[in-house]
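Letters A, B, C and D mark the chains in the order given here, with residues in each chain numbered from 1 onward.
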Amino acid sequence: MKSPNSSSLKKLFNKIFSKAVLRGIVAIVFSIAFWETASRFAFPLFAFVPPPSIVLSVVGESFGSLVFWENWTSSFGRVIFGFVIAQIIGIPLGLLMANNRNIHGMTFPIFEILRPIPPLAWVPASIIFWPTTELSIAFVIFLGAFFTIVINVLGGAKSIDARYIRAARSLGSNRSDMFFRIILPAVLPSIFTGMAVGMGITWEVVVAAEMIAGKSGLGYYTWESYVGGNFPRIIVGMISIGLAGYISSSMIRLIGKRSTPWLRLF
Amino acid sequence: MEYDPASESAPDISGRGRSRGFSALRYKFENLFKSRDLYLGLFGIIAFVGTWHLLTGVLTLPRFEKLPNPVAVLTEFTSRHPVFGTSIYAPQYYLHILWSVWRIIEAFFLATLLGVPIGLFMGWKKVFKDYTFPILEMLRPIPVLAWVPLAILMWPGREAPIIFLAFLASFFATILNTLLGVESIDESYFRAARCLGSRPRHIFFRVVIPGALPFIFTGLQIGMGVAWFSLVAAEMLSGEYGLGYLVWDSYVLIQYPVIIIAMVTMGVTGFLFSLLIRMVGNALMRWTVREAT
Amino acid sequence: MADEGGIQEPRETNRVWHKGLLNNQEKVAIETANEGSGKMIVDSLGKTYGSGPFRQYILRDCSFVLEEQKLTILIGPSGCGKSTLINILAGYEEADSGTATLDGAPVGEPNKDRLVVFQETALFPWMTTLGNVTYGPRVQRNRPKDEIETEALGLLEKVGLEEFRDKYPIQLSGGMQRRAELVRAMINNPRVMLLDEPFRGLDAMTRELMQEHYVRLFEERRQTTLFVTSEIDEAIFLADTLLIMTNGPGRIKKSIPIDMPWPRTPDMLTSMEYLRYKEEALDLLHEEALKAFAADNKIAADFLEAYEATKTESVSASR
Amino acid sequence: MTDKSSTKKFAGTNSAAPSGDGRIEISNVTKIYDPGGVNVCAVSDCSFDIEAGEFCVVVGPSGCGKTTLLNAIAGFHSISDGEIRLDGDVLCSATKMAEPGADRMVVFQNGALFPWCTVLKNVMYGPSVQGRMTSHQARAAALDILRELGLSEIGDAYPNEISSGMRRRVEIARALINDPKALLLDEPFRALDALTKGVAQEFLLQAYDRMKKTVFFITHDLEEALFLGTKVVIMTTRPCRVRKMITVDLPRPRTYKVRSSKRYLELKREVFDAVHEEALKAFKAGERELA
């Protein structure tokens, strides 16, 4: 017994600071340094880009202001609102389409026609139709997430291994058993995949919609900073949006992992 | 009707196995007309357009009355002397399409030209991946559209920022899928190649590239989709031509039927592009036509 | 559906079950009370897939009998229609001609009288081992929950899986998955068990151990069983009757009664008797295997694709 | 290149690198893995020789370390101790890892035909990348070997378009065209169903009888081992070392009839006893590991 603790600690240390991680750190440090010099010395393309040191100083100022955080909450609010409605309508619809051949036959071509239209192209039509800007933004967000979830649920339900269905039928399942104990759990992984992808699209859409038509939110904040000539705040806005998107998709992945324990190997 | 996913998978066959000969083709063709799906689909589309017309044109319910109804859209679209200047006879309409398509082609080719080799190299050389991947991972969570203001700052003129945004979106998708493609190549192919006496360049050209090809094409297809997505937004925000600009401009000028025309055109063009990529992919990858029995 | 006997009977078995090995008298007593064992008669089944240029006979004039409480083994080259046969007997597909009856009644919709153990594994990945095993009785809703659990645990213990009751299938080894699936079927006391190459994909050594395991399980319950395999040693080792199937269209070429004593032990695999059976079967099969191999060409591929398309349609049409 | 060797060479291999005898000596090989700080001894002090032109089958429970041994010979893995020699030259040792090369061809467990090349291109691959033939010659040689092995019809098919049994045959052809000193096969027929397997085994035997290369064949199927091998080496479960060596004195050429001969049964019983115990041990260990 010669101090297994210290050796395992060393292993852990080696694992965290492996060659790959060190290289990654070097790369990031180097690229930030490059950005700094490029901005300072006004390299081509970087002439108007604020250097990271100045961005850093603005970060503190932004984080201190209440308005900045209100932008966070309003963006998040919109995303969650549109996203949740998309799931509530999309998941049952996807399952229904997979279950019923007639519904599938009738609705699938419509989906195939509408899906290639970029969600943002809906913005004007949405503004015309919905009474408030808020609702029209939410609608566009909804569309972004909606198509993704429906297609994923449909795909997931269609690719359920036929043997599971057969085994369940033989074992005497009735319709509700079939749905709740077989189909639903079998589709669950696809639902979460669809959600994760949809969340990515949702953030793209919300940012653009806020830039085009919003009066608040992180997209609006970024756009306003540009219009107002406060360039460092553009970067702050971008980082915030990236962070917000990352947090949202991590949450979905986490929930997905929790809800599908059978996919864990150990 | 009980649930059975297998019953739904029948149409999936149609995409595969084009090399099966004429009789198989005819067989499928006959099957197509026998299948209920065709008629159901037609019925669905007619019902959709009918409902739209009913809500906007006939009943003119509150809110719906403002939306353009399909008849108005169609009249505008097929008119020789369109009220709002956008129809199949208007050169202006094609100009918008051409602008968008040209931008997409520029952005997409740049992204492919850069993304595929970088992705391949990242998958092939671990050291290169160690240095580049973290930077990619830092930038990737930022939605491409959040780059709009910065793109305008960085690039001179109107055109370059728009192309840059479309490029960026497509670039990330391409690079990541290519990397994934190389990493998904089974180790035993590398081993087999080495023990057959390959030098590194053989491995790169004869194993890495063909092995990653299916993923590369998936990446290109996704890349094309997101490039359209960003292009539209960029054109809406700062364009002078292009379909995205057309949508926004028609809104501002209250030419509502044109909005629908532009939207449908976007959908169709986007679809044609991804079809093109799929066809090129299938032609290059005949070996994926039929999976292992 | 709910016939009284079907509800009472498992309890009867259940009590004695836990005593472990039964003596012969007890076993006979159970067997006579055991309705979980039926006789299946398959008479000139025929099945085609495809139409026009792709019409192909999968089964043609296929007849045999599954005797009560006997283990019948079906062996044949791959692609000879074994799986199709199982699907028809289980009720997943319909035959074009001929009949299959279980205790006089024609087979119809899938139900718990004819249970299938699938190739590879079809354990529900989202349920634990125990959840999988108890699924059948739970959804049939004719027995109290704790009783189901006791029986399930008893069975799991018998196959050495009691420690793994809360694991998900992905966390089990291949051999364990197969055992769990066997138990999932057995607990329902089906009148016929249909095993579709249950040990396929296991490595040879695990496979041998699984066979020994299976022999013990079968000995105790003696449910009428149709066991499909392509492994000759497995076939002779387990069979009461050996059916040899020909290649496309599938029909039974020969039925060989295997007259070796139960319980079967591994050392029988080296007896002269065994050797004789093996020689006979090998001669028949080798011919079939070569034929199947020769038929492996483009035409077969063409057909297969068209066949897949129609098969899926016919599955849905059969309902 | 005009040496009149007693065994028949395949057409197209005449211009190959001079092929030696192919004697493999494995002495005191030990391999210790070190994943996450836990020392796992995969192979421990394992030695045996394979004579030139011998068909040696290595049998052991799955995960016992047979593949580690094969990988060391092929040059995919290093070893911790001991050495392996090929025709007297050190192939790999504790300090030196073998280079993968065309003198030791590997046929993989799940098959490694390049799915993006046709059968013909797959077979041509070796000679053309080694630069010892022009692509024209390579093509001719590949066509020759395919014809000799009865595979010429499928030359233009992609691997996905032919059956798995057929794929294994092509893979063996791809290995043989390089005229290797030794053929290393890692459970090549594992995924095949029993009857197809039988046909594929007969194919391998025919090829072996023709060219008498040294063969290192890994399996856990006893039937297969006895049917194919001249020498059967039975391994213990982890750590892997030699438990027993049996010489299979069944006459060649063998056909499926051998399997129902008396001598075969006697040998089988002998092997079975040795292996069964190990298999049980491995089985229990595997379940313990999972629990």
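What we mean here is this: a residue touches a chain if its C-beta (ideal position, glycine included) is under 8 Å from a C-beta of that chain, and two chains touch if they have at least 3 such contacts.
Please read all numbers here as calculations on a predicted model, not as lab measurements.
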For subunit C, the least number of touch steps when starting out from subunit A: 1
Most contacted chain pair (by C-beta pair count): A-B
Between subunit B and subunit C, centroid-to-centroid distance (C-alpha), Å: 48
Centroid spacing, where centroids are CA-atom means, of subunit C and subunit D in whole angstrom: 35
Euclidean distance of C-alpha centroids - subunit A vs subunit B, Å: 19
Touching two or more other chains - residues of subunit C: 171, 301, 315-316
Two or more partner chains touched - positions in subunit B: 1-2, 4, 6-7, 9, 290, 293
Junction residues of subunit D, two or more chains touched: 161, 163
Subunit B residues touching subunit A - in the complex, by the definition given at the top: 1-9, 36-37, 39-45, 47-48, 63-64, 66-67, 126-127, 130-135, 138, 141-150, 152-155, 225, 228-233, 236-237, 243-244, 247-248, 250-251, 256, 259-260, 262-264, 266-268, 270-271, 274
Residue ranges of subunit B touching subunit D (in the complex, touch as defined): 186, 188-189, 191-199, 202, 206-207, 210-211, 213, 285-293
Sites on subunit C touched by subunit A in the complex: 90-92, 109-112, 114-116, 118, 122, 124-127, 135-136, 139-140, 168-171, 184, 188, 315-316
Touching residues (chain side subunit C, partner subunit D) in the complex: 76-78, 160, 163-164, 167, 171-173, 175-176, 197, 200-201, 203-206, 208-209, 229-234, 266-267, 269-270, 275, 278-279, 282, 285-286, 288-290, 292-293, 296-298, 301
Contact footprint of subunit B on subunit A as seen in their complex: 19-20, 23-28, 31, 45-46, 48-49, 98-102, 104-110, 113-125, 127-131, 157-160, 162, 165, 169, 175, 178-179, 183, 200, 203-204, 207-208, 211-212, 218-219, 222-223, 225-226, 231, 234-235, 237-239, 241-243, 245-246, 249
